[in-house]
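Each of the next two complexes has chain A plus one more chain, namely chain B in the first and chain C in the second.
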Partner chain A sequence: MLLTLTVNGARRSLDVDPARRLSRMLREDLGLTGTKVGCDAGDCGACTVRLDGRQVCACLVPAAQADGATIVTVEGLADPDGRLSALQRAFHRHGAAQCGICTPGMLMAADDLLAVNSAPDHQAVLDALGGVLCRCTGYLKIVDAVLDVASNAPDPAMPEAGAAVGARVNRLDGHGKLDGRELYGDDQTPAGVMWLRVLRSPHPLADFTLGDIDVWLKITPGVLRVLTASDVPGHNSFGIYPTLKDQPVFAESFVRYRGEAVAGILVEDRAAFEALDLDGFPIAWTPRDALVGTEAGLSPAAEQLHASSPGNVLIRGRVKSGDVEAALAEAAVVVETEIDTPFVEHAYIEPECGWAARDGDRVTVWVTTQTPYMDRDEVAHVLGIAPKDVRVIPSAVGGGFGGKLDQSVQLPLAVAAWVTGRPVATLYHRPESMASSTKRHPARMTASLGAAADGRIIGFKFHGDFDTGAYASWGPTVAGRVPVHAPGPYRVPNVLATSAAVYTNGPPAGAFRGFGVPQAAIAGEALMDRAAERLGLDPLAFRLANALRAGDTTATGQVLHASIGLAACLEALQPRWDDWKPQVAAFNATARATRRGIGIGCMWYGCGNTSMSNPSIFRLGLKPSGRLTLYNGATDIGQGSYTIMAQIAADALGAPLERIDQVWGDTDRTPDAGKTSASRQTFVSGKAAELASRDLRGQILRAVNAGDDATLSFENDCVRVHDKEGERVLALTNLPVDGEGDVLVGEGTFDPPTTPLDGDGQGIPYATYAFAAQIALVEVDTELGTTKVLKMVAAHDVGKAINPTLVEGQIHGGIAQGLGLALMEEYIPGRTENLHDYLIPTVGDMPEIECILIEDPEPLGPYGAKGIGEPALVPTAPAILGAIRHATGADIRRVPALPHRVLAAIHATRHIKEEVE
Partner chain B sequence: MPTVSMTVNGKQVSGEVEGRTLLVEFLRENLRLTGTHVGCDTSQCGACVVHIDGNSAKSCSMLAIQANGTKVTTIEGLANGDELHPMQAAFKEHHGLQCGFCTPGMVMSAVDLVKKKPKASEHEIREWLEGNICRCTGYHNIVKAIQHAQQTM
Partner chain C sequence: MAAYLRPKRLEDALATMAEPGWVVLAGGTDHFPARVTHTPDEAILDVTALSELKGIDRMADGGLRLGAGVTWTEVIEAALPPACDGLKAAAREVGGVQIQNRGTIGGNLCNASPAADGVPPLLSLDAEVELASASGTRRLPLGRFILGNRHTARRSNELLVAVHLPAPALEATGRFLKLGARRYLVISIVMVAGTLSRTADGTIVAARLAVGACSAAAVRLPALEAALIGRPVTEAAAALQPSHLDLLRPIDDGRADAPYRRHAAATLVRRCLNELARAA
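Let's turn to the complex of A and B:
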């Protein structure tokens, strides 16, 4: 039908299918890709626009409904000259956008509120934003931004040369996230591409036979070709570890999990892609009994899922020091627990998407990813070509959290582009994304802790079976990292910590913010609470007394020398903790059905790969124009590495931040900065950026024979160098340029020093550790079993906060995900494959959060900095679960602490009290 | 407001609707064909199943404009005058209904099944009916009715 409407002030007429989703009409017909689509089902709110003033999910509005209407999208917020609106500027200065994929929806929801209420209170903001999900920020900075619009405060000034590190610089890539111009995976698909739909298994374990595909092709309109395992030109296998490429691009004759890729169907265009009905696809399934859970996987009767793994044990991890059995035998107090945790979904709001094109003997893949260099190598392996013939260009990434460290669309796209010679695009729909992608490992853990009568921990024993699902993915990383971290950030002389990653027919469990450490911390910290109780000690005091300090030796035999801020974190929390205790007691003295409690969680986290080389390489180039280019391969998935790296590079060079331009994450143009994982980018890539910058500085100083203490000033054709001998000028316009147009290029490489772990896990697994402690104040309804987290205080030793606003953003977001892990998130294949059955925290679930940044500098890190991404999440669930126990006595042994489990645990406590102890 | 046209039970109809008008609203409120029932409005119960170009569909979960230009059959269009459709007759004979609220959806689903899979096994029949909820009968007589209609259709 012919539709006439007003979009962002302009009158538009277009002929569209009246049932077309408004979101698609805006994005595809009008080119307004600032409106994002996260679920296509009205759950996430990323597509929120204003229709005749009111916020609506554009994915749920038929185009016909917009006839005659006035629509405002994120592109309509800024002035015509590009100046951001007061709302957008408030988001910018508060750091309210991280990955930015929810930001357009958040902005439009807030814009609706502010149009009718220019001075909203806190609750009004929560109500207005309640329909938009954010997985990065923990919402608090978004709420702060909306409440601060009226102040119309100016942007923070850009720091002067040498003052960038430590400054609250606005995100350097923030503008595009706020005005809708940032290009995510589905925002820059070239015209005329084919589209690819992946056919997936509906069964967790099944044999299959393909029927007559040629006949199906003839009777199905719009379909060009079907790709199966036999079309993969190189190796039909992939996986994180070079010796563990156990997952096929397309399954051959049988599948090991629900959601596994079986075939790729190529269609002519996006309309055919959306319309494609695979119900009649010629495939016959013979389901078999699937192995669900580690107990089934480890059962002697279980079918062996992979030839190389007898007993379905992918790998084991082990750390042993001292004699734990003897220690537990002589301990004055021994406490034990068993904890189960479920699959957890990353729930990034941007689903997997991208496109690929072949050019002669090379292939280019544009994709939303955390790991462009691994993607490059994996595509090369699958195509049977050299890595240099693959170019991976990361799009802006709408959230990752570990989930975009694995291959998803990259491989089928590359195969399709390679074998057909035509460019091809794809986009997973939400249930497909959730069914096919990796998850956090479910863990079944047993642990015991022994302490002496004087309150010293003397022994810790731990075993965890981790459900690694159908394929290895990052299972070995989890199995290796967990035993190192399981004893917690404490002095424990006698440790035996073991782990097993177990194959099952669950979805592949991979990397998810913390690599198993959040699960292990739930067990370990629960024991800390119970040991303190038995010893009659305050839980915080017990932790402080046992906290690792300089000179202590870890269970792997590593002596810690510097940057061990746990004690400082606990001391910073002490006043809040002491305030809360009487408040809680007073509340509980009068409350009836509701009870309040407080809890504490501590953690340590090794930054970088476990006992493995993980170098980053950075380059900083100087152009004849006097401008600088940072070749930044540290993929920014919202955490802020685009900004952090520039802040470090600017100060190491002595140049103002605004002098630096960036090329980021293009494998043809940026050197390998490794993965955005393991909380390594600030520590490892940041150091490489610092070294590259110092290298360039040295070249400039040598060129004019100036000393180290010289100051540099970059002008439009030269660098002026001042030192005590006066001014010297390095003219730039007559110097030869390289392929990127740079006249000088500094390069820096950093690989954190580690050593291999022996059979008892002895060695130096990490060059540095982040430390943190968080405390939670919760309220539990003992009749309903519901838990509301009221407040959290998070103290984190980050070495040095390169950008405190970004660090706080990581803490808020980590706490949101930790809260989800503790209270609501549980992925069940086939049942919670969407964002209405799978719950993640909304703006209304968030507690008040106070961040305390401890800066105990790490000598190896850039300006003393180390990681924060994963450390932010690890202590949260233990603190919340401890608070539930403090409030009610309920010992939660299976997370999430859903209301029925909380009630059951409360009732169990009443029975136990009548028995022993 | 857009105009939609379609053939409903063999008769050409058209009407002005809002873009968001559901097909079931158009059928019940514009055309007064109230034989198609609404039990949940969220696609769980299946009481609103009709045929669109011969395929069963939940009419509460599609827009009227999506049915533009199609041939729609509702429960009212199934019988031939006073002569019940064989599926309706089978439901009657085998007591496949009690309160009757789910029955239009059940019958429309079942007709689609028998057309697509004339020899569906009992298991396949039960699987097919997964999208139709009945609170009265316990389903057994519905399955029996469909098995009977497999012979008579």
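Let's turn to the complex of A and C:
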């Protein structure tokens, strides 16, 4: 059908399938990849465009209905000369884009609003943006940006040399996230590639036999070839840990979870990929009774899912100090709890996607990933080639949160490219992404806490069974990290904290912002509240009295020396807490169906791998032009490492930030900066960036024999060095250049110092810890069990806020995910494999948030900085759940606190009261 | 590639529908979400160019005719009597603004989800649907059109062309309450819509209460409605008895369990009646 329409002011005519989604037409036929696709179901709003002025989901509009219409996409917002619109610039200066995948949709929804209402109020903004999901920002900076468009405030100036660290610098990679030019995993697939669809198991545990594939190939149009386990050239196995590669690329004869990959179907082009119906694929399934939950996995009668893990226990973790039984026996107060948490889905808006191509004996994979170097090594393992023969080039990443730390598309793509010799692309659809990808571990935890009559915690006992699902993934990391963190950021002389990662037939549970610590914090902080109540102490005061301080020893025997800002966080929260208490009492004195309550959560979080080496290497090169190139392997998944690393490098060198260009994440060009996980990039990679920069500075100074206090001035063919002796000039144009065209290259490596943990978990698991406390004010409808979080105040000790705007963005986003964990998120295989049955918070669910940044410097960190990514999420759910309890008495022992669970818990307290009375 | 027709004349559409196998497409907001994993090759009849399906009109008898292709945004922006306040409130709860801008009343009814936001308020307005085929038109009360989960009385050769709201039901006040586990873009756990007609002294002369997401299809509450007749509107909520909800058949699912749904339905019905009593 020949369509004529106006797109971003230009008349366009094209011949397309009238039933084709407008989103596909814009992206594939018109090349306007700024419009993103997250779900194809109208659930996420990433594809929002304006059609005849109105915001619509382009994924829900057939091309035919766009005939004669006027369409505006994100590419149409900026001026023709590229200058961003007032709306885009407001987003930029507010830090409203993190990963940027929802940004086009948010911009277009806001553009629709502003076209009819140039001065909208807060509620109007929420209503206009309510149809676009964001998983990174927590929405607040987006709303602030929309409300601030009219101010047309100028962009913040780029900092002078030496003033980058601590400055609210606009995200250096922000422009492309705002005008639609940023290229995500599905935005850069070349024409002419094959497409690959993965056939997946519909059963959680089943044997299968493949039928006559050749016959199916003959009768199915567009299909080129089917890849199965026997086509994997190297090892048909992968996994995070070198000794735990327990997951096959393609299952061989049976599957251990719903969503497991069985075969790869190669088709000629994208149209065939979208039309491909796998219903008739020749495979016969024999389902078996699946192990659902850790109790089933641990049952003596349970099927053994992996021969190397008897009893289905993948691994155990343990930290023991003192004598917890004796402590609990002598404690004046002992409180106990049991908590259950579910699978939680990362729900990044960009699904897994990428493409791969073979070039002789090498293969290159372009992919949305948090961990290009692990991808490189894993692809090499599966193909049976050397890591140096694999190149991984990360695309812009549309959200990760730990979910893009595992292999997804990388391996089937690499196998397909390798065995066929042809480039090949793939893209998971939303249900496929949700079924196949890793999840947060469900936890079943029991804990008890004993305190002396004077309010000192004297003992803490914890056990958590963590459902690691069908394959190991990051299960050992969770099992190891949880016992260290379970006692919370408190002085506890007697601890026994144990964990087990249990195989089941759930989806593989892997890394998700916090590696099990958010779950453990729900149990530990609930006990803190209850112990305080029993002792007649204020929950904040009780925490402050027991807060870890310099000189204290943790349960692993580690003496903490510096950067222990929990007490400062609590003290900063105290005035708000004191304000809220009488407000809540006054409200509750007159309220009928609703009640308000306040709650508090504290956390600590070790930055970097647990007792394992996790070095980062950075390079900073100097070009003959006097420009600098940062070879930045710290993958930016929206958190801001692209910006932060440059801020650190600029100041460490003494150069203006705007002098620095970057090469980002390409495993052939950037040294290994490890993975974006464990809240390690600012701390570990940031330090490596600082060291690389100092190394380059030293080379420059030595070249002109200047002292360390010299100042540098970078010009177009030289560096001018000034010190008390005067000015010296390092001419650059006559120096030899290396393969990247640099004349001088500084390199820095940092590996945080830790020691192994012994059988009792004694040792130094982390070089530094982040600390935080958050308080929540909630309102509960006691007749319906619904909870609205009204306000939160978050105090975080980040050591040093390299970029406060980005730090706040992490806190807002962490709170949004913590709120989801507390109130609505529960992944159930086969039932919540989309973004309307699986709920994440929308713009309307967010509380007001006040961020308080505490800067207790970490001596090892770059300019004192440590991590914020995961710490932002950990205290949120405990604070909200504590506030629900304060409001209603309801003791929530199973999250999420869905309305029916809250109501049941409220009713349970009434029964208890009646029994007592 | 299969056919895609977007006729401008209803008779052409109905002639097409006389042949089997056509998939009817309007706003696309339920059509495309059902085609996420792959795009089948199917014959599509796009009804968005049919003028008979457009517009909201006051009829000679005082009733309202809403074209089946009317979008939720058009409902929100239309000047409608206060009886339609519940319908408007429901329209604001359908997905996000993007969905409201494209999704249609007719599509919502034909899709027949147990949690369709449009159904309870339309039930509370005594809505009738107008179905057309090449051999003529017929009208059905909405309660007899939606037969169950994704199941309607529409014959394969019929097109839903309009929804009629009779005049008596428009002499009322209307409300809609939705319960979900988040704000915006949420499938209802329970929803309740109601209209009350009263005399000048506040005596209830007609009551129409409907509950959604608690049965395979949303239902009216006839026993409660009967009990409300003749009562002062200020005492409406007090008339509610648990037995009035006996016809609900709530299910357990990931969003809530059945006992909770029944309890929440009762709470929302009571709140709805209280709001209606307070409404002018």
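As a working rule, the second predicted complex is superposed on the first by the 913 of 917 C-alpha atoms of A that agree within 3 Å, B and C clash if a C-alpha of one lies under 4 Å from a C-alpha of the other, contacts with A are read in each partner's own complex, and residues count from 1 in each chain.
The definition used in the following text is that contacts are C-beta pairs under 8 Å (C-beta built on N, C-alpha and C of every residue); 3 or more make two chains touch, one makes a residue touch a chain.
Bear in mind the structure is a predicted one, so any value in this text is a computation, not a measurement.
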Touching partner for A:P18 - first (chain B), second (chain C), both, neither: both
Which of chain B and chain C A:G38 touches, first, second, both or neither: neither
Touched partner set for A:P104, first chain B, second chain C, both or neither: neither
Contacts of A:C57 with chain B and chain C, given as first, second, both or neither: second
A:A66 touches, of chain B and chain C: first, second, both or neither? first
Chain A: partner with more touched residues, chain B or chain C: C
Contacts of A:M1 with chain B and chain C, given as first, second, both or neither: both
Chain A residues contacted in one complex by chain B, in the other by chain C: 1, 18-19, 61-62, 64-65
Residue ranges of chain A in contact with chain B within the complex: 1, 18-19, 61-67
Chain B residues within the chain A interface of the complex: 1-2, 18-20, 63, 65-66, 68
Complex contacts: residues of chain C adjacent to chain A: 1, 4, 6, 25, 27-29, 31-33, 35-42, 44, 46, 48, 73, 92, 95-99, 101-102, 179, 181-187, 189, 253-257, 260-261, 263-264, 267-268
Contacting residues of chain A [partner chain C, same complex]: 1, 17-19, 21, 39-43, 45, 48, 51, 54-57, 59-62, 64-65, 109, 112, 126-128, 130-133, 274-278, 429-432, 783-786, 823-824, 826, 828, 831-832, 834, 836-837, 839, 841-845, 896, 898-900, 903-904
